[in-house]
Amino acid sequence: MSAPKKVVLAYSGGLDTSIILKWLQTEYGCEVITFTADLGQGEELEPARAKAELLGIKPENIHIEDVREEFVRDFVFPMFRANAVYEGLYLLGTSIARPLISKRLVEIAHEHGADAVAHGATGKGNDQVRFELSAYALDPMIKVIAPWREWDLTSRTKLIEFAEQNQIPIAKDKRGEAPFSVDANLLHTSSEGKALENPADEAPDYVYQRTVSPEEAPDTPEYIEVTFEKGDAVAINGEALSPATILTALNECGRKHGIGRLDFVENRFVGMKSRGIYETPGGTILLEAHRGIEQITLDAGAGHLKDSLMPRYAELIYNGFWFSPEREMLQALIDKSQENVTGTVRLKLYKGSVHCVGRWSDYSLYSEKHVTFEEDAGAYDQKDAAGFIRLNALRLKLIATRNARVKK
Amino acid sequence: MSAPKKVVLAYSGGLDTSIILKWLQTEYGCEVITFTADLGQGEELEPARAKAELLGIKPENIHIEDVREEFVRDFVFPMFRANAVYEGLYLLGTSIARPLISKRLVEIAHEHGADAVAHGATGKGNDQVRFELSAYALDPMIKVIAPWREWDLTSRTKLIEFAEQNQIPIAKDKRGEAPFSVDANLLHTSSEGKALENPADEAPDYVYQRTVSPEEAPDTPEYIEVTFEKGDAVAINGEALSPATILTALNECGRKHGIGRLDFVENRFVGMKSRGIYETPGGTILLEAHRGIEQITLDAGAGHLKDSLMPRYAELIYNGFWFSPEREMLQALIDKSQENVTGTVRLKLYKGSVHCVGRWSDYSLYSEKHVTFEEDAGAYDQKDAAGFIRLNALRLKLIATRNARVKK
Amino acid sequence: MSAPKKVVLAYSGGLDTSIILKWLQTEYGCEVITFTADLGQGEELEPARAKAELLGIKPENIHIEDVREEFVRDFVFPMFRANAVYEGLYLLGTSIARPLISKRLVEIAHEHGADAVAHGATGKGNDQVRFELSAYALDPMIKVIAPWREWDLTSRTKLIEFAEQNQIPIAKDKRGEAPFSVDANLLHTSSEGKALENPADEAPDYVYQRTVSPEEAPDTPEYIEVTFEKGDAVAINGEALSPATILTALNECGRKHGIGRLDFVENRFVGMKSRGIYETPGGTILLEAHRGIEQITLDAGAGHLKDSLMPRYAELIYNGFWFSPEREMLQALIDKSQENVTGTVRLKLYKGSVHCVGRWSDYSLYSEKHVTFEEDAGAYDQKDAAGFIRLNALRLKLIATRNARVKK
Amino acid sequence: MSAPKKVVLAYSGGLDTSIILKWLQTEYGCEVITFTADLGQGEELEPARAKAELLGIKPENIHIEDVREEFVRDFVFPMFRANAVYEGLYLLGTSIARPLISKRLVEIAHEHGADAVAHGATGKGNDQVRFELSAYALDPMIKVIAPWREWDLTSRTKLIEFAEQNQIPIAKDKRGEAPFSVDANLLHTSSEGKALENPADEAPDYVYQRTVSPEEAPDTPEYIEVTFEKGDAVAINGEALSPATILTALNECGRKHGIGRLDFVENRFVGMKSRGIYETPGGTILLEAHRGIEQITLDAGAGHLKDSLMPRYAELIYNGFWFSPEREMLQALIDKSQENVTGTVRLKLYKGSVHCVGRWSDYSLYSEKHVTFEEDAGAYDQKDAAGFIRLNALRLKLIATRNARVKK
């Protein structure tokens, strides 16, 4: 790889990416453009601008954007149409944000004629893979710089030293080791590392930053109604809201009732296991709601096909293959299934859990006429079941006959 | 089908199967043998014996058996090794009991030289399919009688009339329509029909018979530890227990904390949707526990393969194909994966939810040495990730290059 | 089912469907509308018109249509995009024609205000299922009459008797039993039954009607080139042709070289096995050609996802679920994959086999620069492979380490 | 990686691995142990011994073994039970040999207390991955040396120079560039690279080394019978043979009739496409034979499950994951399915193609009684099909009803 000349950095404004910024300037001698996104992580972005300026970035090279609507509309919602869950439990909150960041990094690189992008993910995790696969898929000629895999700033002491030598301001609480590492966006907050590394030990309560504990949640359940159109949530309690606004509102519901906490050991794409503490308050509600509306609007053929492909779809997103032909093929299949996933569900929120307790839709496939215990006046002839069973049994009978024959 | 001469009836001792018993005697003029199983449904069985005798069944033709250990050991536990869940949420509590009943019906038929078995499932549901596919798979020559599909006793009035004409005792509360129908065994209780038929309406609290409501559950969480060997639970809080005893103990934990309630609309195999209220207290805990121990003892290759096949496995059980080559093939795959699923998980039970908060095992694949944020002295070379990503990206780059070329 | 008043019959003009026609008139007393389609079966259709008139059908009730282009464009080609093969070998030639016939039956029923459709498939085969599932999916209120399942004309003698009583002309060669049964359309000819029922015996050569035997095929290979656009064949040897014309031309190539014969035992949807002799000359060439062009235009992610879903897709078509949500979902996925499946393949035809021996495309993903044994000037860094392998191996190493540890 | 002290080299006796041998001695200064396996590649092995001795390897460090029976019994046959085919066409002839070689390399390393193994695969191909994943899975502490990824002997000129400097004998025909590269074992011969790199050009006939061309094959078909037990071939024309002997005999049949040639463009695991010419004479016959016997001994449930998992199983073998939990899980599933795959097939071999034309078995599930066009005296009630179809159609009807309703 020839040396990069101009690089777009995914810049949070924090100490680590500030060190990267400086390191890129000094190590590679390249011009740095910063990209700071509001993905709903709950931090103000203007300090990132000030800090970038302080570190010598030209104003026209500082990009600060609110991408929350795009994030929910084009990434979170398509993923929830699939009921995507990684390894049975994880709602993919970090995974789904990375491709959007890479997409903007590459687009900004093209605007500026930059030949490289850089990110602050380490060489042990999944995020490096997600950032880089997305970048390469969008621009096969782009260079990607991952300083954590390259530099020798391999301890906190060395990092602080580098920061001091380079006049990078250091917040007081960043001098020492953080007890664990945090990532957040509108969909979730994840915490991992250090104090959380032993999967046998319960995570201490102070790790949870996004939700009250179930024990402290209200003693009275709350009911909400979520309305869907073609698989996407469009209204809460009858009020139409934009994608990001809906997720924000569901987050508030989830936070209040202690919903969406997960203590999890997962398999990273790079081959090791890691333990994470995840909080996905609104997403957990959204998943239950979406499953509820699918219960009455999808038939078995569509539903079971989706279910059987979900693990693969989730794995693709987890592993960083959002911008891949196979993810897009699966998305086409999933989106096709959602054409009639329209209607409303009623949810009960209480002390850490959310349950669908009612669902209705003009598009419902539920037929009381067919299912009723009452005499049903011809909708369904029970005698049909005899033939149905006999033909389903035929091959099993032939096997049993064969087995009896050969055992003689 | 020629007329059956001797039939083994799945007999609960209740009004409906008593009517069937009598109807078989009068309609087909055949000798009836009764089979009443203790599957953990929580009812005494001796009254069934007395009632069968009252209806003229010879003592040697009355079979009453406690099959709880066999049920959990040979049916429930193998199924939980797969983390089987139907349509994302249903733990298959009714489905998994049917094949065992059919197996005993056929075995008893062979002992008695009977040529038929009979069951009390209706022509609209899944249970008829499960009973009959199992019976045919075990004996291709057996006849199956499903009175609900044949007779003209199609209303409660006619049933009561038939009972009165045939001196079948009728409990007072059975004269009128039950507000809904109930099935129970050691794994779960299901309620459906009539009052529950509108899926838009929340099920009233009195429907739940097996668990306290989360609101009435203790205000303080309880922690328990479950130990697994080769995928099966073998001890609670360090005390070794038999399969049925473990499930009984977990049921008590779940009952007390309001765990395992489910309001669900599902796709029946016979083509219609139905709504059920399920309570699976111990099973819900067991599933969370099993997932927890798999998190540290299964690698990604094994875990993801299992995950991707689970929906199909669950569908097979739901549809009644327990005794089929494909279920047995999947079971061989799943059992192979469980050889090292041994260890202990710690669970938190609180007001309707159960969460794994710790797990440990001699068989753990979790490697703190690899995952740590600390410098790791050679266990993992972060530079390897660059090559890993670049080769994973290669095909995506080739696609992007192609796409750019053809767009020109 | 209340008695049908007006019925649209899938009418071939042959003896069997003429008997059905008369039986519908006499048994049900209903008005009969005939539908005769040219699907490329290679028979003239006007005799069917004459015969229908002779049997008393009003001219305005006789529908004769050439649907060959629709058949290939909307049914055969979408299926070949998937490389669909049932049970490893069968190209689904009969299966794919049924939904089109049902679609037209239902459409004509709507035009005429008919309340029923009828077909001549027996109660043992797959075709009844395919006809009826399609009809019900397109009109849930339609009645379907399947005389072979209803009437008592259960032997050839009774059929001939009925024909004679009803003045139905009987061709001389139809008086006796045919040695086997034949179905044909533009995609294939199938032969089954009677003389072919023993799967141990080689089918006699006279069974094959559509292809010369490989032994009689030319002694010199022939080369042809087939061009694809977005997954569909559009030209042969550079000459642009319509869908049906292309398949016709490929059939001629295949016929001449003895290509596409298959002696097969398959699992019917209704639970039994059957043995069929299939001839799919053009389709066999088309499949090899399509695979050839996909080899250079699809990447591994897209290709492997398609491959893994193909058996399910083929099973859906075989079982009659063309008009189902899950087939349409899979089609959306498959069609998405075909966007760049454009290019040309060169095929060698010789004595029963067809092989792709060359393929080229502007959309090719093949990169000689990457794959070459020569030094490649930076396109690919072989050292990347070391990291790629090490991270792919990491979980395997962790397993081996665990296994060694617990064995001590 | 610390420097290896003693290394086991996969040694063919050819120029390239002789250069590697010397390079390991000079570059790493380590003791070299050679392993030369007879996998049926058709070369004498004693020259490899002589050459190893010439290059200074101590006699006790030279391992020459005939592993043909183990190869076929424990690798080829288990794979053929699955009908494994990569990307629709490739029979995995190279892929399946690598894990066995790695297994012996690691075992010999353990015997000698060696700390490393080495192989002669390049950094662009799949074989490096297969060798190394297998080695790491069997010994997580083993070092693997892949000289082609490390050294600077990157051109033929440099290699020849190194050989001359190190007194390595060079056969005359090895001085220049070979027109393509060849790999062979009992299952297949593959040719790739250089002259074959353009996938548009037909491979010249001299590339094929293992089979006559179909044009030159006998003008008369030959029939053979292959007998299977539990999925494995055990006899040809009634003569019981060992695994390797059977494959050898089938190879001779295939060679003579020009069977098993494949011109193929495939997706390598490392991300690029490559073009290979494969000859798998006996394997191609074996696959057709195995499919034939499965046609009558496997039911649809077992067969379709196998079919749906085959692509994943083949991909695992292609990618080098033979020694992985997921391959072993799939193998358990496949082996379970083969318990009754016992019987005999009759095959017709003629000018490049092989077709199953008859199959019979005591374990057959084929029931002439059920499938016959004749009246069948009660084995099958055609009226059952009506109920079967109506219940299969129910969900489609409910969808159609819904769709009609919402369109109003």
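Letters A, B, C and D mark the chains as written, and numbering starts fresh at 1 in each.
Convention: a contact is a pair of C-beta atoms (placed from the backbone, for glycine too) under 8 Å apart; a residue touches a chain by one contact, two chains touch by 3 or more.
Going by UniProt, the chains are A, B, C, D = Argininosuccinate synthase.
All figures in this text were calculated on a predicted structure; none of them were measured in a lab.
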**OP:** Please give the intersection of the contact partners of chain A (Argininosuccinate synthase) with those of chain C (Argininosuccinate synthase).
**Re:** B, D
Original post:
Taking each chain's centre as its mean C-alpha position, how far apart are chain A (Argininosuccinate synthase) and chain B (Argininosuccinate synthase) in Å?
Top reply: 31
Original post:
In angstrom, rounded to a whole number, how far apart do the mean CA points of chain B (Argininosuccinate synthase) and chain C (Argininosuccinate synthase) lie?
Top reply: 40
Subject >> Residue list for chain B (Argininosuccinate synthase), restricted to those that touch at least two other chains >> reply: 267, 270-273, 299-301, 304, 312, 324-325, 365, 367, 370, 380, 383-386, 388, 391-396, 398-399
Subject >> Chain contact graph, described as a line, ring, star, complete graph or other shape >> reply: complete
Subject >> chain C (Argininosuccinate synthase) residues within the chain B (Argininosuccinate synthase) interface of the complex >> reply: 299-301, 340, 362-365, 367, 370, 380-381, 383-388, 390-392, 394-396, 398-399, 402-403, 405-406
Subject >> In the complex, chain B (Argininosuccinate synthase) residues that touch chain A (Argininosuccinate synthase) >> reply: 83, 87-89, 122-124, 128-129, 132-133, 136-140, 146, 148-149, 154-155, 181, 193-194, 197-203, 214-215, 219, 221, 261-267, 270-275, 291, 295-296, 299-300, 303-304, 307-308, 310-312, 315, 323-325, 346, 348, 350-353, 355-360, 365-368, 370-373, 375, 380, 382-386, 388-389, 392-393, 396-401, 404
Subject >> Touch list for chain D (Argininosuccinate synthase) against partner chain B (Argininosuccinate synthase), complex >> reply: 267, 270-273, 298-299, 301-302, 304-306, 312, 321, 324-326, 328-330, 332-337, 391-395, 398
